[in-house]
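Both complexes below contain chain A, partnered by chain B and then by chain C.
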Partner chain A sequence: MNRTFIRVVDLYKRFGDVVALDGVTLDIFFNEILVVLGENGSGKSTLAKVLYGVYVPDRGKIIVDGSEARFSSPFDAKKKGFVMISQRPQLIDDLSILENIALFIGEPPSGTLAKRIEDFLKRFDIGIDVHKKVFSISYTEKQFIELAKALLINPRLLIVDEAATYLPQDLKTKFFEILRRFVSDNRAVIYITHKIPEALEIGNRFVVLRRGKVARVFNGAANPSELRHAMFGTEEYLKLVSRQLLQRLSKDSKNVLSVDKLVVLDDYGKTAVDGLSIDVRAGEIVSIVGVAGNGEKELGEAIAGLRKASSGSVKIDGFDVTKSPPSERTRKGLVYIPEDPFKEGTAVTLSIIENMRMYARERLSQDVVLDAIKKLGIVPENPAIQVSKLSGGNVQKVSISRLLLTMPKVVVAHNPTRMLDERSRALVLDILQRFSLSGGGVLLITEDVDEAVQISDKVAVMVDGRIAKLFEGGNLESFRSEIEKAMVHG
Partner chain B sequence: MARIVVVKRVLPPSLSILTRFLTAFIGFLIAVYITSVATGLGFSETLRTAFESFLDLNVFRYISVFLPIALGLAIAFNANLWNLGAEGQLVMGAVGATYIALFTPLGKMDYIAPIASLAFAAIIGLLWALIPSVMRLYLGVNEAVTTLLMNYIAYYFSSYLVKGPWRGRGVYGYTTTDMIPDASKLPVVPGYSFSWYIVVTAFVLVAIVYLLLYKTRFGISLRALSSSIAAVELAGISSKRLALAAFCISGAFAGFVGGAEILVYHRKLVEGSIVGSGMGFTSIMVAWLGGLNPIGIVISSYYTAALYRLSFALQIGSAAIGDALAKSIIGTLFAATIVAEFVSKYKIVVR
Partner chain C sequence: MVEPILTILADPLAIALTLWILGDIVVERSGVINLAIDGIITFSIAVTFVAVQNIGYVQGLLISLASTIALSLIFATFINVLHAPHVLTGLSLNIAFYGVGALIGLRYMKSRSLVPIGIGKPILALIGVATAVLTWFTLYRSRLGTEIRACGFNPRAAEAAGVRVWRTRYIATIIGYTLVSIGSYIYTTIYRSGWSQYTGMGYGFLAITLAMASSWHPLIAYPIAIAFGYLYTSSYALQLLYGVPTDVVNALPFMVSLAVVVIVYATPLSKKVAMPKALGEVYFREERAA
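Showing the complex of A and B:
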C-alpha cells in the first residue's frame, strides 16, 4: 500500500499577469520516483521552487508527514530534508568543489569530507580532484557534484529539475541508478522533465502539468501517446517532422558554408577539433552528431567566431571569415544558434521584443513580433516580458526566433531542441526544414540522433574532433544503429 | 538563535521607485542633520534652508552640469563600461571651449562663437574618452583605472595652461586666462548663474538619450552588452563599435558641459580642479541614483543639485568648512545611493 509522504494542496502562484501554478494538488508517496511532466512553461520549475522554499505560494498548503510545512527559504526546506538540483548548476565558480559542498552541508572543508566526496564520485567512475575550482570543470561533472552535494546531507525528498536531462546517455543511466537506490528507504524523488522517453525510463508514477494545472495523473503505467495528449492536448505536431526531401537539392547548388581542415583548441589548450572539413550547400541540411565532449561545441563556436581557429578556414557564402568577429559573420549571412540561450543566445535582462529587435536588421512591426511568438509557441505571449522571467525552453525559443526575423544564407545550430518539449521541438525542426526548402543551408550540430536522421540529407558522426563516418542518401533512418555505433566507437 | 539573513528579491517597478525615493529622503535628512551640526544652525532652521534650496531657481546651475554628464554616463554604464573619467572629460572640454573662444577668430563672431566653442568642447571630451576606450578594446587595459587616472592628467594639463602658455595678461597674481570675448559668452538669467540655453539643451538630451536607449537597435544592443557580449555579436552587431560609441557619447556630453561652464560660469579658463570641482565625480553617483534611466536621472540630478545648493547656501565661516560640508553631503548622498541599490535588490530577514 502506498503511504503518503507529502501532500500538495491547491497551490497557486502568479507572477504579474502570469499564473504559473493554478490550483495544483498532488500526493507524493514514500519510496517512489514521481515524474512531473509538462511542456515548456507549464509550471514545473515553479512547483519545484515552491516545494524548495524559493517561492512562497500565493495560496495552498504543503503537508509533510501529516502536518503543514511553511517554507520561507530553501534553508527551511533543507531542515525538513528537502533538496533540489536544477538544470543550471548552482555552484559558486570561484570556490573549489570541496568548499562548495562544505558550504552547502555546513561542515568545514576537511580532509575526511574530501574523502567522502571522492568515494561518492568514484562509484560513478568520476575521478576528479575535489580541490579544483568549479569553473574549471565540465557541465556533467558539475551535475554530479550537485548530486553528491544533495545526497551528502541525507535528504528525504530529492527534487531533480531537469538536472539529468542534458547528461550523455551513459552517465544519465548512472544518475538514474543512484535515484532508484535512493528512494528505497522511506524517501522520494520528484523528477521533473519535458522529455517523454526519459520520463518513462525513470518514473513510477506520472503527473502531467499543463498551463499551471494538473492535467492528468498516471498511477502506474503510461504510454507515450497518452502522455502527449495530456501534455499538449494533441499529437498532430508529430507529422511536422517527416522527411521533406522533395529533391530540393539541385545538383549544382553552391556551398554556403565551407569548413576546411579546421583545428580548434578547447578551454584547456587541448585539440578539440582536429583538422575537420565539411561543406553545406544551399538547400541542404547536414547534421553532425556526436557524444558531448568530442569537439562539437568547439566546432560550433569556431564557425560562429566565438572561438579562435588555430588553423584551417571557414567560408560563409564564399567569403573567408576565419579571422572575422562573430558580428561580421552574421552580417555575411550566418545565423548561429548557440547551445546555451542564457549565456550567448539572448540578453536576459531585456524583454522578448527587445531581443527580437536586436536580432533583426530592419525595424520590426508589432505584428511580426507577435507572429514569431505564435509560430514558436512562446509563453507567455507578452512581448514586453523580460527574458529572465521565462522558463528555460522559452528562452531558447526567443533565441531561435532570429531564424524568423532575418534572412540568413546558412544556419548553424548547436543542440537547438534539447531544452524544448516535443511539440516545440517539432516546430523548430519544421522551421529548419522550411528554411532549407527556401534555399538556405543548415548545419545541425546535435546529440539527438533522432532529429538528425529525421530531417537531414547527410549525417556526419564526430568522434575525437574528426568526422569518423559520413552517412548520406536514401533513408537515413535505416542507418540509425550504425550511426549510434559510430558515435561510441568511431 | 536568531540569524540575520540577506535574501535576494525582485521588487515591482513601482515599489523599487518608492524605495529609492524613501532612501533619498532619509539621505536628505541625514545631510541636513550633518549640516546643522557643522554650522551650528538649528535643525529646523537648516531644514527650512534646505527646502528653500529645492525651490531656488539656481538649482539649474548644477542641473546643467549633472544632467548631461549623468545621461552620458548612463549610456556607458548601461553597457557595463566603467567611464570614471567624466571629471577629466569635463575639464578637457573646458580647455577646448577656451581655445576656440580665446585663440581663434571664431571666438569673436556672434552666434557662431558659442556654438563652435561648445561643439569643439564636446569633440575634445570625446577624444579624451576615446583614449581609454581604445586602450580597453584593443589592448585590454581596464578602463576604470585609465579613466580615473586621466582625470588627474586633465587637471594638471589645464593648470599648466593657465600658469604657463595661456596665462592672461591682465590677471595679476591669478592663475587664469584672460576673459573670453563677449561674443563667446552665453547670457545668464539675471541674478542667477545659469543659462536657459544650456538647461534647454540638457532636457533635449534627456529625450534623445531616452529614445536612443529604448527605441533604437543601437540602444537596445548597448543595454544588451551588460548581459551578454556574445548575444550582441551573434545578432550581427559589433560589440567593439558599440562600446566605442557609448564611451565617445559619454565623453562628448561631459566635454560639452565643460565648455558650457566656461561660456556661462567661469568665462575664462581656471585651474582644472576648480573647473571640475568634483562635479564630474558626483555625476557618476547621480547616474546610479537615477537608476541609469534618463527620467530617473532628471530627478536625481535635481535632488543632488538642491543639496549642492544647500551646502553653499549655508556657507558661513571659512571656505574650508564649506568645502568639507559639501564633501560630507556628497558622501551622504553616495551612501544613500548604495543603500537604495541594496534595498531594492535584497531584503534582510531575522529568524
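Showing the complex of A and C:
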C-alpha cells in the first residue's frame, strides 16, 4: 500500500493578473518518482517553487508527515529535507564550486569539505577542480554541480524542475539510476518535465497540470497519447513537425548568410569560436548542434553583431556586415533570437505588446499582435500583461514572436525551444519551416538533436568553436547516433 | 627601523579609517549600497564625544556601539523589509543623521575637547592588522562570510541555496557598523579628542570610495587605508623635510589612492576579487523570474 509522504491541499498562487496555481491538490507517496507534466504556463514550476519555499502560496496547505508545514523561505523547506534543482542552475558565478556547495550545505568552505566533494564527484567519474569559479565551467558542468550538491545533503524530497532535460545522454542515464536508487529508501522525487518520453522513462506516477489545475492523475502506467490529451487536449500538433520532405528551392539559391573563418573571443578573452565557416542559402534550414559551452553563444552573438569578431567575416544577403552594428544587420534582414529569453530576449518589465513593438520598430496593429500571440499560443492571451509575470516558456515565446512581426531574410535562433512544451515547440518549428519554404534562411543553433534532425537540411556539429562534422542528405534521422557521438568526442 | 613602521601602522586616523572601510566592505559585500555611512559616522563621533565627556570612556564606547547599531538597523529595515531603493535611502538618511548628531552634540557638550586616551602604539597597530585579517577570514573562510558574499553576488541564487537573504544582510549590517562605531571611537578619543558641529563629515564617503578602490577586499583595503592615513597626517612633515609644495602634499593621499585603484584594476587582481554584482539591487523574493 502507498503511504502518503506529502499532501498538497488546494494551493492557490497568483502573480498580479496571472493565476499560476488555481487550487492544486495532490499526494506524494514515499518511494516514488512522481512526474509532473503540463504545457507552458500550466503551473509546474510555481508548484515546485511553493514546495521549496521560494513562493508563499496565497491559499492552501502543505502537509508533511501528517502535520502542516509552513515555509517562508527555502531555508525552512531545506530543514524539512526538501531540495529543489531549478530549471536553470542557481549557482553564484563569482564563487567557486566549493563555496557554492558549502553555502548550500551550510558549512565553511574548508579543505576537508573540498576533499569530500571531490570524492563524491569521482563516484560519477567527474574530475573537476572544486576551487574553480563557477563562471569558468560549462553549462552542463553547472547542471551537474547542482545535482551533486542536492544529493550531498541527502534530502527526503528532491524536486527536479526540468534540470536534467538537456544533460548529455550518458550523464542523464547515470542520473536516472541515482534517482531510482534514491527513492527506494523512504524518500520521494518530484520530477517536472514537458518531455513525454523522458517522463515515461523515469516516472512511477504522473500528474498533469493544466492552467493551474490538476487535469488528470495517472496512477501507474500511462501512454504518450493519453498524456498528450491530458496536457493539451489534442495531438493534432504532432503532424506539424512530421517532416514533409519538402521540395525546397535551396540547391542553387544564393546565400543569405555566410560566415567565413570567424574567430570570436568569450567574456574572459579565450577563443570561443575558432575559425568557423558556414553558409545558409535562401530556403534552407541549417542546424548547428553542440553541447553547451562550445562557442555556440558567442557564434550567435557575433552574427547578430552583439560581440566583436576578432577576424573573419559575416555576410547577410551578400552584404559584408562584419563591422556593422546590430541595427544595421537587422535592416539587412537578420532576425536573431537569443538563448536567454529573460536577460536578452525580452525586456521583462515591459508588457507583451511593448516588447513586440520594440522588435518591429514600427506601429503594430492590435490584430497583428493578437495574431502572433495566437500563433505561438502565448498564455494568457492578454497583450497588456507584463512579461515578468509569465511562465518561463511563455517568456520564450514572446522572444520568438519577433519572427512573425517583420519580414526577415535570415533567422538565427539559439535554443529557441529549450523551455517550450511539446505543442509550443511544434508550433515554433512549424513557423521556422514555413519561413524557409517561403524563401528565408534559418540558422538553428541548438543542443536538441531531435529538432535539428527533424527540420534541417544540414546539421553541423560544433565542438571547441569549430565545425567538427557536417551531415546532410535526405534522412538525417539515420545519423542521429553519429551526431551525438560527434558532439561529445569531436 | 621598527619604530617608524610602527608609527605608520599605529596612526590613529589610519586605524579609524581602516575600521570604517572594513565596516563598509562587510555591509556592501552583502549587496547593500552603504551611503548612510557618512551620516552614521558623523552621528557616532558626536555621540561618542558627549558620552565620554559626560559619563566615561568605557560607557562611551558602549553607548556609541548601541546607538550606531540602532541607526544602522533603521537603514537596514528600509532596505530589507520595505525594499526601498538603496541610494535614495542612504542619501536621505544621511541628512537626518547629520542633524541628529549635531543636535545631540550641541545639547550635551561640556567643552570643545576631552582628554585623549593614551594607548600604546603596538596595541593600536595590532587593532588595525587584526581587524583586517579577521574581516578577511570571516568573509572568505567562514560560512557566514560565504553567505554574505553570496547575497552580494546574486541574492536570488543565494536564497535558492537556503540563505535567508534579509537575515544575512541584517547580520552584515550589524557586524559592519560595529566596526564603524569602534572606528569612530578611536577617531574621537585618540586622534581628534575634540568636537565641533559636523566633525567627521565626509569620512564616510571617503571610506566608501576607498572600499571601492580595494574592490571590497579587506587585505587590499588595509594597505590603502594605512597609506592614505600616513600621507594625510604626515603631510606637514613632508613639506618641512623635503620642501614639497602644499598643493602637492594635500593632493598626495588622493593621488596614492588613485594609483592603487589603477594597480588593482589594471592587473589580473581585479579578476580574482570580483565586485559584488548585485550591489544596490532591490531584491524582492516573490518576483517571478527564472
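The working rule: the second predicted complex is superposed on the first by the 421 of 490 C-alpha atoms of A that agree within 3 Å, B and C clash if a C-alpha of one lies under 4 Å from a C-alpha of the other, contacts with A are read in each partner's own complex, and residues count from 1 in each chain.
Note that in this section a contact is a pair of C-beta atoms (placed from the backbone, for glycine too) under 8 Å apart; a residue touches a chain by one contact, two chains touch by 3 or more.
Predicted model, so just to flag it, every value in this text is computed and none were measured.
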Fit-or-clash call for chain B and chain C when the two complexes are aligned on chain A: clash
Contacts of A:R357 with chain B and chain C, given as first, second, both or neither: first
Chain B versus chain C as contact partner of A:V348, first or second or both or neither: both
Partner chain in contact with A:I92 - chain B first, chain C second, else both or neither: second
Partner chain(s) touched by A:T271 [first = chain B, second = chain C, both, neither]: neither
Which superposed partner A:S324 touches (first chain B, second chain C, both, neither): neither
Touching partner for A:N382 - first (chain B), second (chain C), both, neither: neither
Partner chain in contact with A:S73 - chain B first, chain C second, else both or neither: both
Touched partner set for A:G305, first chain B, second chain C, both or neither: first
First, second, both or neither for A:P338, with chain B first and chain C second: first
Listed stretches 59-67, 77-85, 131-139 or 221-229 of chain C, narrowed to the one that overlaps chain B: 77-85
Contacts on chain A seen with chain B and repeated with chain C across the two complexes: 73, 75, 348
Residues on chain B engaged by chain A in the complex (per definition of touch): 5, 7, 217, 220-221, 223-228, 230-240, 349, 351
Chain A to chain C touching residues, read off their complex: 15, 20, 45, 52, 54-56, 73-75, 78, 84, 86-88, 90-95, 99-100, 102-104, 106-110, 133, 342, 348, 388-390, 392, 395
Of all residues in chain C, those that touch chain A in their complex: 141-143, 146-147, 149-150, 153-154, 156-164, 274, 277, 285-290
Complex interface listing, chain A residues touching chain B: 72-73, 75, 304-306, 325-328, 330-331, 336, 338, 343-350, 354-355, 357-361, 363, 402, 406
